[in-house]
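Below, subunit A partners subunit B and then partners subunit C, in two separate complexes.
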Partner chain A sequence: MKIEIKDLYFTYPTGVEALRGISLTVESGEQVAIVGQNGAGKTTLVKHLNGLLLPTRGQVKIGGWDTTKYPVAKLASRVGYVFQNPDEQLFSRNVGMEVAFGPKNLGFDAERVEALVNDALVLTQLADKTETNPYDLSATWRKMVALASILSMDTDILIFDEPTTGQDAVNVARIAHVIAELRKRGKTVITITHDIDFCAENFERVIAMSQGKILLDGRTNDVLGREEILASTYVDPPQLTRLGKRLGFKNTVRNQEEFLNALKK
Partner chain B sequence: MAIVNLQNVTYKYPLTDVPVLQNINLQVEEGEFVAVIGPNGAGKSTLCYTLAGFAPHFFKGELTGIVEVAGVESHNSILSEWVLNVGLAFQNPFNQISGAKYTVFEELAFGLENIGIPRDEMIARVEGAMKLTGISDLADRSPYSLSGGQQQRVALASILVMQPRVLVLDEPTSQMDPIGTREVFGVIHSMAESGMTVILVEHKMEWIAQFADRVIALKDGEILMNGDPSEVLTSPLLPSNGFGTSRYTSVARRAQELGLWNEGKLPITLDEAVRGFNSSLTKEEIPDARAK
Partner chain C sequence: MHERLSFFVKRDSPIHRLNPMTKAVMALSLVLIAFLSPWYWTPLALFLFVILPLSLVARVAREYWNFILKVILPTLIILFIMQAFFLPGESRSIFEVFGLEITELSARLAFRNVMRILVMISSFTILLLTTHPSELMSDLSRRGLPGQFAYVVISSLQIIPQMQAKAQTIISAQRSRGLDTQSSFLRRVGGILPLVGPLVFGSLVEVEERAIAIEARGFTSTRPKTFLREIQDTSFDRALRWALIACVILTLILRIWLS
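Coming up: the complex of A and B.
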């Protein structure tokens, strides 16, 4: 399912111009990371994809649907959005109900709901916590619940807003695994992240935003190698990219495998 | 004498059976910058609450052992006095914002008003803290209509303005952009140099390696390691216990297995990695080593 954004502007009621001319196409099944400084407009941009925010000017189309012409409830069948702050999203009494809410609400039959819920709980390693109240879990696990409750909706497009924030190495690996699994299933995944190493290791395309605009959009190695432009939006290249540069590698490397291959040469 | 002194501290939340902190012994000198690392649920935030007096004064529960800051025992103090010595930045910045004020500037001035700081000094301190956290341009904005990272900067600034003797920071950069994170670590480092004591929980190993004086590794409520960053962060105990390491350490560890790293010690910073790989490469024992 294609995402088409044309010349998008958005101004909050307070007068803050958060988006200033964004044009962007994401093809079905692509995995894209969005990076950029605090306040760049990343969250504002992705909230346009499921109709939580509507353009002040310009157009957003999801699989041909103009978001101004379809209600949020309808768009929810195409786009799942995991909030930056899970507490804006969670409301159910226990984890099982929270994760079942979305697919039930989309009108799936009981059997499909059960299968989707189980799949989401297994992917996020929450299967042993179905009876727990999300608010008895630590903030990091609440984030995993928020993720599971969107996975279970089986939408073609999934948006993760800073999913690795506060997570330990084990949970970061778990989230990387979820994204890899979604890639296999042909889903479109858009992930906002400040963790540039995570970005480098898990995404093929990267968009860098600054002050409501797109600065760079391209293949991961091309974008993450552009040190000066990235610095203007407060992003450092990944650790191994910087190390490779300091060691005089000709090509930009972005993960352990590329680094070790370059080292052997 | 240590400004922070924890002796045999064990703590249990009210409704749970197992202690979340177990037999913690920790001394921190004035002006030291100590980083606390650990997997999710290790007890890092609970340790912060204990240092900041919220456990047990706010959360209740059961605390045994000694928690002492600047010579005063937590048991013998009340929260409103305790917080003058110890400032805590919460893991969730939203919990920090008072809700009483309309603008970021007023929000930051709020705590200073409460303790009767004169107006001129108040303005100077607020402006200073906004500059250090990169939010000067947000002074007139509402603290509620901010992006996640901006909110986190306001939360940090609201602690810095109070100038506590001990600064306890629970993942203060988790939502900050990468260069902002590096800058904030730099700011915290220089505050420690000028005598403030800092205890910081973080997952960002690259900057812990660069800026912290000491690293505490916490696991299942116990201190697993407590020492020099270069010792703790390269220990084989970290990966086997679910801790992350910097990419420099992990790639060198892998390179060592492949015979591509010939230095004794694994690197924790970019500079160390550059030096180590350069000298490993010039030794040119690579083809042989690769065979094994």
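Coming up: the complex of A and C.
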């Protein structure tokens, strides 16, 4: 499902101009990371994708649907949005019910709900915690429950707002695994992140934002190579990328494999 | 996005510079004088010759009128009509409908009551417009008000806007999960739990964290406390307070003496 954003402007009621002319197309099945300093407009931008915010000017289309013409509850069948703080959405008595809430809202039949819930729980490694109350789980696992509760909605587009913040390495790997699986299934994933290593290792396309505008948009290696421009939005490329640059590699590298290959040449 | 709960308007004016206690005493004195005074026209006179000039000197006239005209005036009009109809007053009838009548006396009494209430609301509005709540509370705790009490007042003023913001995020999160908050009433009633649940859990957690945070900074310490914010209390402030208290006592004496 294609995302088309045309000349999007958004001003908050307080008068803050959060987006100033964003044009962007994300093809079906693409995996995109959005980086940039705090207040760059990343969250404001993704909140337009499921109609939580509506453009002050410009247009957002999700698979041909203009977001101003459909209610959020309807757009939820196309765009899943995992909020940053899981505690702002968990309310059920147990994990299973929590994860079933979304697909039930979308009106799927009982059989499909069960299949989707099971799939989401397996994918997030929560299958053994179905009966647990989400509030008895640690913060890391609650984050996985929130993730599962959106995965189970089987939307073509998924938005993750800072999925790795405050997570240990094991859980970051779990989240990376989920994203890799979603890529295989042809889902579009848009992730906001400050975790530049996570971004470098899991995404093929990176968008850097600053002050409500897109600064850079392109292949991960190309974007991470533009150290000076990234610095203006307080993003440091990964250490290996910077080291590669210092060593005078011709191409930008972003992970160990690329680094070692470049070193061997 | 965060709605402001306190009325405070940051300006530089002689009234803003007064000690918060002085302003509180002033507000209270005006109310007492308006209610105790034996003369019929006192509340109106206070409104015209004290409250209005005060709002101008404090440079909050616009905010003051905005609030009075939009919120208070409609209430006062209704109050006046109710009182005029129902206060007992054996005198010449000036208006009659459905067997209910407004007499000259009931209209006079209703007008006085409405003016008293106007003075009361106005004086406290000006107090709140010119005094930051935390300044008032820190001045009161400096004068011996228990810290716990100040905490209750200040935290409730802060918690409500925070909860509003939190509720907004929760609503967004659940709508993103297909929760219908915009259609039929029945569907919306069914959608209460997913909204209230996280709000209540989250707020309980926050209250505990807040308590730990302030305790970590020695909230219940019994040692004498110092204050970060220096609050001016000039001799003019003190003189003004005594003068106001004298006015209240004088009004009280006149009232007893004349009745």
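By definition in this document, the second predicted complex is superposed on the first by the 265 of 265 C-alpha atoms of A that agree within 3 Å, B and C clash if a C-alpha of one lies under 4 Å from a C-alpha of the other, contacts with A are read in each partner's own complex, and residues count from 1 in each chain.
The rule we apply is simple: a contact is a pair of C-beta atoms (placed from the backbone, for glycine too) under 8 Å apart; a residue touches a chain by one contact, two chains touch by 3 or more.
Please read these numbers as outputs of a predicted model, since none were measured by experiment.
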item: Overlay on subunit A: subunit C relative to subunit B, clash or fit; value: clash
item: First, second, both or neither for A:14, with subunit B first and subunit C second; value: both
item: Touching partner for A:55 - first (subunit B), second (subunit C), both, neither; value: neither
item: Comparing the two partners subunit B and subunit C, which touches a greater set of residues in subunit A; value: B
item: Subunit B versus subunit C as contact partner of A:212, first or second or both or neither; value: neither
item: Partner chain(s) touched by A:259 [first = subunit B, second = subunit C, both, neither]; value: first
item: Which of subunit B and subunit C A:77 touches, first, second, both or neither; value: second
item: Touching partner for A:140 - first (subunit B), second (subunit C), both, neither; value: first
item: Partner chain(s) touched by A:170 [first = subunit B, second = subunit C, both, neither]; value: first
item: Steric overlap of subunit B with subunit C in the superposed model, located at which of 75-83, 201-209 or 219-227; value: 75-83
item: Intersection of subunit A interface sets (partners subunit B, subunit C); value: 12, 14, 85, 87
item: Touching residues (chain side subunit A, partner subunit B) in the complex; value: 12, 14, 16, 36-39, 43, 84-85, 87, 138-141, 162, 165-172, 194, 196-197, 231, 233-236, 238-240, 242-243, 246-247, 256, 259-260, 263-264
item: Contact footprint of subunit C on subunit A as seen in their complex; value: 12-14, 47, 50, 52, 71-73, 76-77, 79-81, 83, 85, 87-92, 101-102, 105-106, 135, 149-150, 153
item: Subunit C to subunit A touching residues, read off their complex; value: 1, 166, 169-170, 172-183, 193-194, 196-198, 201-202, 205
item: Complex interface listing, subunit B residues touching subunit A; value: 38-41, 45, 91-92, 94, 141-142, 145-150, 153, 171, 174-182, 203, 206, 242-244, 246-248, 250-251, 254-255, 258, 260, 270, 273-274, 277-278, 281, 286, 290
